[in-house]
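Each of the next two complexes has subunit A plus one other chain: subunit B in the first, subunit C in the second.
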Partner chain A sequence: MTANLVNILMGGVFHAAILFLVAAGLQVVFGVQKIFNLACGSFYALGAYTGVSAVGYFTAHGGPPALFIIPLALGGLAVGLVGVVVERGLLRFVYDRDETFQLLLTFALVLMLEDLIRMTWGTAPVSTGGLYLNYGQARILGATVPVYNLIVIAASLAIALGIGWLLSRTVFGRIIRASADNREMAEALGVDMRWVYVRVFTLGTMLGTLGGALVIPATAAMSEMGIELIVEAFAVVVIGGLGSMRGAFVGALVVGVLRSVAISVYPELEMLLIYLIVIAVLIWRPRGLFGAAAA
Partner chain B sequence: MRTPVVLSLVGIAFLGLPVVAPAYYVTLMLPFMAYGVVLLGLNLLFGYTGLVSFGHALFIGIGAYTGAVLTTHLGVRHMELILPAAALAAAVVAAPVGALCVRYVKIYFGMLTLAFGMVFYTFLLKFYKLTGGDEGMRMLRPYLLGSEWTGYSKTAYLIGPYYYFSLAVLVLATLLMWRIIGSPFGLCLKTIRDNPLKAESLGVSVPRYRWYAFMISAVYAAVGGALLATPTGNVDPTLAYWTHSGNIVFMVLLGGFGSFFGPLLGAFAFIFLQDTVMSVFPYWRLIFGAVLAFIVIFAPGGLMGLFARRRRPVEVSRA
Partner chain C sequence: MTSSRREFLKVAGGAAAAGVVGFPAVARGQAKPGVPSDPVKIGILAIRAGIAAPVGTAGLRGTEWWAERVNKSGGILGRQVQLIVEEESNPKDTVERYRKLILQDKVEVVIGGISTGVTLALGPVAEEMDTPWLSWDGTTQKGVEETMPNPKWAFKSVDNEVEAIVAGTLTPKYFKGVQTIAGINNDYSYGHDCWETYQAVLKKMGMNVKPVLELFPKLGVTDFTSHIAAIQQAKPDLLMSSFWSGDATIIMKQAAAVGLFKNMKGVFTTAGGVHDSLKKEFTPEGLLLGYNTMYFDDPKGSPLLKQFVREYKAKYNEYPAYESDHAYFNIESYKAAVEKAYAATGKWPSKAEVVKALEGIEVESLSGRRSWRQDHIQMCNFYQGITTHKNNYDFVTINPIEVVSTKTAMKPAGSKLLDWINGWKV
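Right after this comes the complex of A and B.
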């Protein structure tokens, strides 16, 4: 009984750890640039495929399988640099437009990235095989949990703390918060917004691609994984509140664990339950649990 | 002056098309006309009321599934009954959904409609016994004007009676929408879009008018969805998926949301462009994503905006 419960809970927390990374990327971009990035799920998929390729290259060239997590994370982070291209090449043209157009531009990215992934990696699912078992299994209260999952959970927690430190303790963090709060004022005080936007968007992209890379040893990469994840990430930020990091953290835990419980108790309910919660939150508390003033 | 001439030429082209064009292109006109009806309604919400729904595929799904359930399970085969039933089903769902959604604007409206759309999608996908799950349901060939058209093969039926039936529905839907937009109600919607505060102070009940617009657009989407189901022959949950909602917003933008006929042009361009691109290059989303990005950045008025640029620049700014 406890073993079963721990299994469900750990599965949920693992999923939450990944969801948090993607949702954090969504939040930081929304907070500063006021753009709801529908393509965050596509970046996640891009990270996943790149992770598979990076690990494949690493093991094919004699890298020790136990160290596969290094090329995995590096590949995930490196492909996040595509954020620079997207920001400079597309997004910078629409900052002063109506948000409908911003939303549609990110939808255009969703379409393009989906097919770019299909062109590069094909339509069949790809995976890293059973590599993650290299780290063995841990026994927690009678349940068996892959150690890899624990590593990802720990890494996600560390990143959450790192983001907290970045936002509250560093100069760049202060600039981010100031820009999110009042863009004109920050500009008047000498902040170069172009510079802030490039870095913030790239940071958001990298969080998404890293999330995709880290999830992949535990599953397989499929071309639809991006458009499926975006609706979950969207549920996370609605529940937590748009633009709030703490909200992303709590929202990810809620969505991750609930999904895991629903799958094992009553599978038909799985995502239905989460969307119903999203609707309830939007109706009773549109700001979400940790959101700032309602827009 | 020019408009009546253009309209009559278009009318003649539509009537004569099945006679002169190859059957393949005539069958492509069927989804165009179905989406045309959907987009007329969507544009009432998007172009005229200023609300962008990212869950409108929900109502396409409702219309299509109404048609499928009626023809396969309930033995109702008359299209003249299916279309009103689809409209009714959409109105019943849109009444509470719309009442909740129109309390919000902009991104919150978009998110709420997306969530409702996904609830319906998940329902279609997971409740296998009722909906057929991801395989969906068959839409049997409906009777038109009381006749079964038994002598017609599938293609002959589609490019003959069904083509003209769809055309009639599209024309009726267009005329009705023209009246709605020209009416005092339509003017109120435009006022709400441009300046909700002023509309409120002039005595227009903003949420109620938004709610009416939402209901009308939902009914249009369901009628279009029911029309769409026949040429496909099968309905499945992807009809209600959020990317489908995104695609129909894309169609409106492609044609131009600032004009009455823009969405129809958008549906036409989308369907035929998609067909052309797919025949030479399997990755149509890549091309379409680039087209969408181009329109958003350089031509927010869409195709209509390109034609009408010199006369009246479309105003696009942060409201």
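Right after this comes the complex of A and C.
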């Protein structure tokens, strides 16, 4: 009984950990740049594929399999630099345009990145083979939990704390919050918005690519894997409140754990339950649970 | 066009036919008498994105391999083959591309189609367009029943549920004593149909099993940790899944991480479609695994299969999936039908004559002989067996290999699936 409960909870929290990283990327970009980045799911997929390649390169060159998580995370972070290219090359042209343009542009990015992935890695799913099982299993209250899942959960939690610290305790964080609050005022006070936007967007991209890289040992990379996640990330954002980091954290936990509970208790409700909550939040608290506080 | 030129072509064609064996190069581009000399255009519909992309790609590669070989040895009756490839995507767009292939590109035949949703829409259109359509993998079934019982132009793949039926008949043999079962299948027609059929067959085979859990995750989900938790909670004796593509790899890995199959039997009707991704590290021995066909390591495989697998692996650095075989059979059967009709009339056949020649035709495909049943359904063999680590690869293969023909595992023309199963004398 306890073992089952642990299994269900751990399944949900693992899912939430990944969901949080993608949703956090979405939030930080929206909070500052007011752009709803549909491509956050594609960055997740890009990170996943890059992670597979990085680990493949590492093990092929004699890297000890036990350390695979290092090239995995580095690969995921490095490919996040694509955010610089996307922001400077595309997004900066649409900041003052209608929201529809912004949505169309980021949707175009989704399609382009999917094609890019197919051209680079092919159509067949790719994976890191059995490395996932390298770290073994832990027994928690009678349940068997893959240690790797615990590592991902811990990493996600550490990143959440890190972002919290970044936003509240550092100069850069203060600038981000100021820009999110009032862009004109921040600019008038001498903040170089171009510099802020590049960094914020790259940070958002890196959260997504890192999320993709971290999850990949436990699953397999498929070119359309981002699409499914973006839908869930929407739900997270609506529940948590658009632009709020705390919202992304709580929203991801709500979605992850409730989905897991639904699958065990009444599987037909797997996706429906999440949308029911989304609808309820939209009716009773349209700004989401933490919607009032930006970024 | 003068008669002397025609005479010349006739002579040249005859010479070419005579020279095929000794000098294949001479045969190139020299049509037989009564056969146009321009290339014959064949339209191909292939999925190249999404979950079905790996099988779509395998089908296309099998087709291209065929075309290269056939063109090298003189084409069809001396006519070179030109493939015109279009993307299979959603039903609406695919129907438009289908029309384009026929109206604009003027192809003689359209081959391809994988998704059930797309082929349901394509079927009626194919009937209107007066051009043969040979489907790789798509049926025109809604649920488990055929929506087009008497097609004139459409030729369809084996029924969706055959792999579930084969697995259902083999389950009592390998997994005696199973009392409770759970199913995890994708939330689309294929997943639901396989689960329903598998249960019906088990019941008919005299296995008194109780379903304790049925899961239908959406397509595209890449994290089944929570689903596996639900399966652990339900504690079935056996888990059945029609997962394929990346899903099969993912669930196998996530199941291994919690030791799911330590105390549970597993039946994977379709996972063999991505057999080389089922690594030994996380795929246990003792599962019932369906390869459908293209069993690449079949010791009894034909020289044709062995050559195909060897060249495929060399070119793409992966092993072919079953769709290569479906696709190879389709296009090879078209060639055979054209040649059969030509033998009767001495002319390049009309589209309607090709259809007539296709009915009942049997040809050598990669995995052995395959045929078109009179009601335009593909007949072939299915390969299933118990996973083993005893091979030279880093992934599992099956041993023993059970070969089951659609002659016994597919409902006969005109019958209803569940009525047919319920009428079995076991």
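We take it that the second predicted complex is superposed on the first by the 292 of 295 C-alpha atoms of A that agree within 3 Å, B and C clash if a C-alpha of one lies under 4 Å from a C-alpha of the other, contacts with A are read in each partner's own complex, and residues count from 1 in each chain.
To be clear about the criterion, a residue touches a chain if its C-beta (ideal position, glycine included) is under 8 Å from a C-beta of that chain, and two chains touch if they have at least 3 such contacts.
Everything quoted here is computed from the prediction, not taken from an experiment.
Upon superposition of the two complexes on subunit A, a steric clash is found between subunit B and subunit C. Of the two partner chains, subunit C is the only one that A:220 touches; subunit B does not reach it.
Applying the stated contact rule after C-alpha superposition, one finds that A:271 touches each of subunit B and subunit C. With both structures placed on the common chain, the touch criterion links A:286 to subunit B but leaves subunit C unconnected.
In the superposition on chain A, A:59 makes contact with neither subunit B nor subunit C. In the superposition on chain A, A:132 makes contact with subunit C only, not with subunit B. When the two structures are aligned on the shared chain, A:93 is found in touch with subunit B, with no touch to subunit C. Contacts of A:146 after superposition on the shared chain: subunit C is touched, whereas subunit B is not. In the superposed model, A:108 lies in contact with subunit B only, and not with subunit C. Here subunit B runs into subunit C after the superposition, and of 112-120, 148-156, 184-192 or 238-246 the stretch doing so is 148-156. Touching of subunit A by both subunit B and subunit C, each in its own complex, is seen for residues 114, 118, 227, 267, 270-271.
Interface residues of subunit A, counted against subunit C in their complex, comprise 3-4, 7-8, 10-12, 14-15, 18, 114, 118, 122-125, 127, 129-130, 132-133, 137, 144-146, 148-149, 215, 218-225, 227-228, 259-260, 263-264, 267, 270-271. Those residues of subunit B lying in contact with subunit A across their complex are 46, 52, 54, 100, 103-104, 106-108, 110-112, 114-116, 118-119, 122-123, 126-127, 242-243, 246, 249-250, 253, 283-286, 288-290, 292-293, 296-297, 300, 316-319. By the touch criterion given at the top, residues 48-51, 53-54, 56-57, 213-218, 220-223, 225-230, 232-233, 245-246, 249-250, 253-254, 256-259, 274, 277, 279-282, 318, 394 of subunit C touch subunit A in their complex. Within the complex, the subunit A residues that touch subunit B are 36, 38, 90, 93-94, 96-101, 103-105, 107-116, 118-119, 227, 231, 234-235, 238, 242, 267-272, 275-276, 278-279, 282-283, 286, 294-295.
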